[in-house]
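Note that the chains take the letters A, B, C, D and E in the order they are written out, and that residue 1 is the start of every chain.
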Amino acid sequence: MSGVGEMNEILLRPKVEFDVPVEAEVISPDLFAEKSHEEIGSLPVFLGNRKMCLKDLFEIEGQSSTNIVLEGDFSRVKKIGYGMSRGKIHIKGNVGMHTGATMKGGEIIVEGDAMDWLGAEMNGGLIWVKGSVGHFAGASYWGSKHGMNRGMILIEGNTGNEVGKKMRRGTIAIKGKTGDFLGVGMIGGTILAFSETGERPGAEMKRGSIVLFLENCTNPPPLLPTFTYNCTYSPTFLRVYLKTLRKLGFPVKEEYISGKYRRYNGDIVELGKGEILIYEP
Amino acid sequence: METISATCPFCGCLCDDIQIVVENGKVLEVKNGCSISKTLFTHHDPDDLVPQIEGKKASLEEALDRAASIIRQARFPLVFGLSMTSCEAQRKAVELAEFIGGNIDSTSTFCHGPTTLAMQSVGEPTCTLGEIKNRADLVVFWGCNPVEAHPRHIARYSVSPKGLFNPAGRRGRTVVTVDVRATPTARVSDIFLQIQPHKDYEVFEVLRALLKGKDLRIDSVGGIPLDALKDLVNKMKSCKFGIILFGMGLTMTRGRHLNIEAAISLVRDLNQFTKFLIIPMRGHYNVTGADAVLTWQTGYPYALNFSRGYPQYNPGEFTTVDLLRRKEVDAALILASDPMASLPRQASSYLEEIPFVVLDCRKSYSASFATVFIPVAASGVSISGTAYRMDGVPVLLKKVLDSPHPTDEQVLDGILKRLRQR
Amino acid sequence: MKSWKFLLITGRSLKQGQAAEQGKFSPEYINETTTVEIGKEDAEKLGLSDGMEVKLKNTCGEGIFHVRISQGLPSGILFIPYGPSANLLIPAETGGTGMPGCKGIDVELLKER
Amino acid sequence: MRIMWINGVEIEDTFAEAFKMYAARIIVTAVNRQWALEAATKLSGFATSIIACGCEAGIEAEISPEETPDGRPGVSVLLFTMGKKGMEEQLLNRIGQTVMTCPTTACFNGVTSQEKVKVGGKLRYFGDGFQISKLLGERRFWRIPVMEGEFLVEDYFGIQPAVGGGNFLILGETPEQTLKAAERAAEASRSVKGVVLPFPGGIVRSGSKAGSRYKFLRASTNTAFCPTIREQVKSELPPGVNCVLEIVIDGLDEEVIRQSMKRGIEAACIEGIKRISAGNYGGKLGPFHFYLHELFKQ
Amino acid sequence: MIRITKGKVYDPINGINGKELDIWVDGGKIVQVGDAPDLVAERIIDAEGCIVMPGGIDIHSHIAGGKVNLGRKLRPEDHRKDVVPRTETTRSGVGHSIPSTFVTGYRYAQMGYTMVMEAAMPPLTAKHTHEELHDIPIIDKGSYTLMGNNHFILKFIEKGEIEKVKSFISWLLKTTKGYTIKIVNPCGVESWKWGKNVENIDQQAADYAVTPRQLISILSQIADELGLPHSIHLHCNNIGVPGNYETTVESMKATGTNRVHVTHAQFNSYGGKGWADIHSKAREVVEYVNEHPNVTFDAGQIVFGDTTTMTADGPWQYRLYLLSGNKWVNADVEMETSAGIVPYTFRKKSLVNAVQWAIGLELMLLAEDPWRAFMTTDHPNGGPFTFYPQIIKLLMSRAAREEMIAQLPRRALERISLPQITREYSLYEIAIITRAAPSKLLGLHQKGHLGVGADADIAIYRENPDVEKVFSSVQYLLKDGEVVVENGIVLKSTSGRILYVDPGEEGDIEEYIREEFEKFYTVTLDGYGVPENYLERGECVSCG
């Protein structure tokens, strides 16, 4: 992780507290690369319905970099890193909706919280949120056939509902609590949820894996009746996933790696080839 | 004294067989209408309404000027309501929202918005209400209570009428109600399945699994014995024409759009066995029209934003309750709805912090808090036009009584004209 | 003051629909939208009868309602017709869907003396 | 002609001639070291010479749990073939028959390369429709249900150009001394990462030459180095040599072969060894020529 | 007065093939063609290096109404990738496969089209169709009224009361402000109301002793008797089903010598017993057309890519849902018709799709008489109308076709005859199939040509070696004599006409059906139709 003041990075700070939403998909390494300070400052953003320049809303330091640092409250700034394919955005604060949605590559690190649609329909890259996130992280947008298609989303805090909705590939790991309908309609991919989860995880999933560790969870929600228990075992693939997370620096307890898991398959109203693995302490 | 044909502008049934006896601008009698319809036409008394600015009487011109100035200054305004007015006014509202680069949302937001979301995920096998009348031998009311919310639905469309291929009427149909409480609708049904709150999703899943011939190791779900559900599935599979009619009992409970998705998926799957369709029971008389007009003009039915000059759609982001709860909008224009009465207080209280304009044909809660209130003539009472029934059938609204007030369309046009001159 | 936990359902009632047409400030409308229905069994257990005032409260807010005993309600569930009063108790969180959860809300019922 | 001696052993001024091959690295993990080795041994079994085994293979190293993808003890096996197609066939058959069948194992690719062959992606059909695909980053794995649980195998295995047939010959006075030298040589040669010695114990006694008097044979015994017929042929054996053993080395590139040959030769130069030589075909067959003297320059 | 000068004029109705001629426009009409020393123009449009044609006419497109709108509502994911911001002169919206109304008008106009016929209007929701048509700017419009599964028509035929059928049709056209009789999967859609279908044209409907053959025969007869400007517009039974070409040929035969237009014939020209051996029967279908002057057809060409299929053919759409697994909308309309919607992606790699693609082109290229063959994609079923320029290019260039054929699965080649077809359309022929013939087919005298007295709907395209570029965007479009598009940019959002017919032979049928109507419909008879005030610029086209 890079700190402020490092060579060759671009630093943005909001000039004011935004009272209406800002749309700023131009805050993206793809667009900041090979642009002068002046050119970056002239990129278009929307403050509500007013089209403005980036420099009207933000203090900008630096130029021509794929390494972007955001300082301050960006919780009303939407679409940061939308569709980005490379480079890095480090957000030292909270961030608004659609952060990293449809991104194809690169890295986004959020020190604070992120709002809904984080990494929605993403196609690659890494998003790491230290705080909590809203609904629909890694999900499909309304009407779409599938959500996240590749890449990785790591969340240390809690999440809202329908995380990983209709995801097809990729990995989502959540340290904190997750909301209802985790991995609803999943087509593939892997979700690892370390704490408590809301109701109906895996509903309507066709394929894919949801792993529940239910840490500190005294009263886990019952699975849907359309999931059926198969066996208790130690899935090797899970060891690979957990080791990979650890290598990246995401906290994973040793006992999970060698642990046993109850395997349920479902959702039998759909294809039924999905699975929920529940850690057995 | 004359008798005028009318269409009742109350609920999504849009009964167009109302006969109103009028004398000297007073309604003497409402024939064919339900009790609400009768009240609606007889209690219509627009004369005591005047335009107001900050609670003080103003001229229409002053009110329009002030409304335009509020909207002109706004950077993230909201146009909300739309469901109790004609399509003609709705068109104008879209034009206004687009022109000002605002958000526009209808009351679908808190009635059948989730139904739209489900439809966008899995589709919707549906039909017009006449198909039920003419063919249905199995009618399932799920989380809806037409006896109180759509008072003539049962008599006119779904249960009692004798149809082309169902000459026996009520006797030719099995009626099932699934609800948390034994509503009056449940009491007129052949079968009532009392479901625990928030358990609709599980029950649909079990029905779908049973339909697929899966064995389930449970005795009951959501408070309903498995045997009762097996029986229901058998009835569904073996009927000639089945219909599910559903309401807020599905859209507003935990699971929301996913409850509907499960219901639609069940109905869709049933078509491998027989004919089975589903219709949402839309509440306000022209909320379906709001969906339709917005969709044909913009591609999307509600929860729209025009900040960037083109429509963006995202329920959860541009829906009224969320915009208000997150305190994002900086002005609002409300027509044909009363959010101060109908939205959660946690959300609607924010309206008191921003300037907002209300157009209404009667005194509403929102009107009394509005920065600018402009009384308008009531569509379907004092203005003709088009409205869409819950099943998407367009119905003519008729003028019955005169009104001293302008129409929604005229007021919106007045505001738009002022915004254009600058 | 003693309190009991209930799940609150809000919804349409015929009277509410009719009364709204009589006017949002009509006594009929105000009366109907400040009514809370409770099942017979629960009412007996709590010693409530028609017309008695109770307070309902949750994390969203609170309001005073008068009791109407209803045949159709199962134990543990209350019903209030849609309206400004019911809306005091409805959370504005929409789960990212735009739709607040207007049915099956956790409330506490407190008996007014 | 220059003469070179190591520890009193003559190093002949000749070269080992080696061929282009393709290599794959297979990481086999299991619940413990024993089971990983068990599978790896079977996987690399009967794979001494491309001539009749279809591939050449051997165990490269044991891998600690920290270094394996699944955190369990592992063994890496290098497998060499002449072509891509042969590699696909060999990996499919061998992993299918020796790793999948072995309790607790999983099987990972150990080569990052553009070129690759499908393995898990074909083995998956054994799952009869119940196999599950997992994509982690750019790597895809297949989970194949088996009676014991699940067999995890990587979708594709990378293959890279490699070198096969690095070698040297140990010419000794007695069979005892020669075998001892060869054993030492094999151990030293093997200690280089990226090589395997495909023959039993890393040693081959039946070195061959190209061609034969029989039309149907492509190779036959290396007559020039066979002591028992020394006088019947044009022999390469100096006087006093009664036994010759060969060390054959396959490696991922020239450099590792060089290292391996060097270490092996050094270890082989013990008492009772007369000379170190190498096998070649006059430079006509293989593009890689490892001159023995050059190994020890610089 | 506007003078268009120095352009190469293609006007097949008047036999003009690329000649440089001045065209003089005034009061929305063409007032003079050629030199006119006496006339003074206020504006001269220099069309040097341009092609001048009458405005394009699309005879079959799904642009408005309940089903189209459900399609829009169904597919936010389709809209998101094609957004259209508002400008000073135009409204905003979305495009791709089901464009919003305003965008529909703009995009047709930008391609040089000035008239489009909505291909399927259910009577019960005709008001909806007209409300949307009202919001489609610039172009003239009309709608075909769905009748092939109407209760009254089936009942009257069953009872042999053919005169009543005729009166009813006359009444229904007037009441719905429709343009002609649309028939979709006759009797099959009625059966679909019970989840069934008919499998051939001699199988009776589920609830009526009437066969598709009878219905097609009687309705084609009535269309001629009523003198409707356009013939019956027939979507045959068994659409999309391998082996269906026989049904198509039988359906054409059923009309005898009465006029019949077979729509989106591509979807109805398949051989084979199933998907495994599907192959082209375009030749067999076209042969019948070539030999029978009473028959016309349009292609229903498919375009590779994502689109939204929507027809009034409920059972077919359900079948397509089962095949694709995509989301499915069904919308049955009481007493009359049905509709279905399924998103679908045509893939080059798909054998079936490749065969379908070839069949559409084969039909167009094998048809001997360009006056009876029409270019359509059955928008949006085969693909969005915005792909017309690509199809024109394929018709005009064998090389372009070969380039595409090279990308198809090789197994497809033995199932089609397209690779062997050498014909290339000329610009003149393109002007026939997209302008002159459509106006003739619709019975319009003031459209589709540039003669004196014609409506001044004129498309001026800049010449370019790449024909696709030529037809993608007009240099100028004149609608009713006004320049509404210049250099591809919409300058003015005008309102087009709504064309409809009133054959005037309804007699007292309205009163005759009143009781039954009100018993089985859920709306009053008086509230059923489309009042005049829905038609901002209504124009009744005369019959007979």
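As a working rule, contacts are C-beta pairs under 8 Å (C-beta built on N, C-alpha and C of every residue); 3 or more make two chains touch, one makes a residue touch a chain.
Owing to the predicted nature of the structure, the values given are computational and were not obtained by experimental measurement.
Under the contact definition, chain C and chain E share the contacting chains A, B. Chain centre most remote from that of chain C: D (centre = mean of CA atoms). More C-beta pairs touch across one of A-C and B-C than the other; that pair is B-C.
Ranked by separation of Cα centres from chain E, the top chain is D. Averaging the CA coordinates per chain and comparing them to the mean over all protein CA atoms picks out A as nearest. Computed centre separation for the pair chain B/chain D is 76 angstrom, with centres defined by C-alpha atoms. If each chain is reduced to the centroid of its CA atoms, chain B and chain E end up 34 Å from each other.
One inter-chain figure worth recording: chain A and chain E are separated by 46 Å, centre to centre, where each centre is the mean of the chain's CA atoms. Counting partner chains per residue, chain D has no residue touching two or more of them.
In chain B, 117, 120-121, 254, 306, 308, 313, 315-316 are the positions where the chain touches two or more neighbouring chains simultaneously. Multi-chain contact residues of chain A (touching two or more other chains): 116, 135-136, 141-143, 180.
The chain pairs satisfying the stated touch condition come to A-B, A-C, A-D, A-E, B-C, B-E. Only residues 74-78, 80, 326 of chain E touch chain A when the two sit together in their complex.
On the chain A side of its complex with chain B, the touching residues are 19-21, 23, 46-51, 76, 97, 116-117, 135-136, 141-143, 180-181, 184-185, 199-200, 203-204, 224-226, 228, 267-269.
By the touch criterion stated above, chain C contacts chain A in their complex at residues 95-96. Against chain C, the residues of chain A that register as touching in their complex are 116, 134-136, 160-162, 179-180. Here chain E touches chain B in the complex through residues 64, 66, 68-70, 72-76, 79-80, 83-86, 91-94, 98-102, 124-125, 127-128, 131-132, 135, 151, 193-195, 207, 318, 321, 327-335, 341-342, 519-524, 526-527, 531, going by the rule given at the top.
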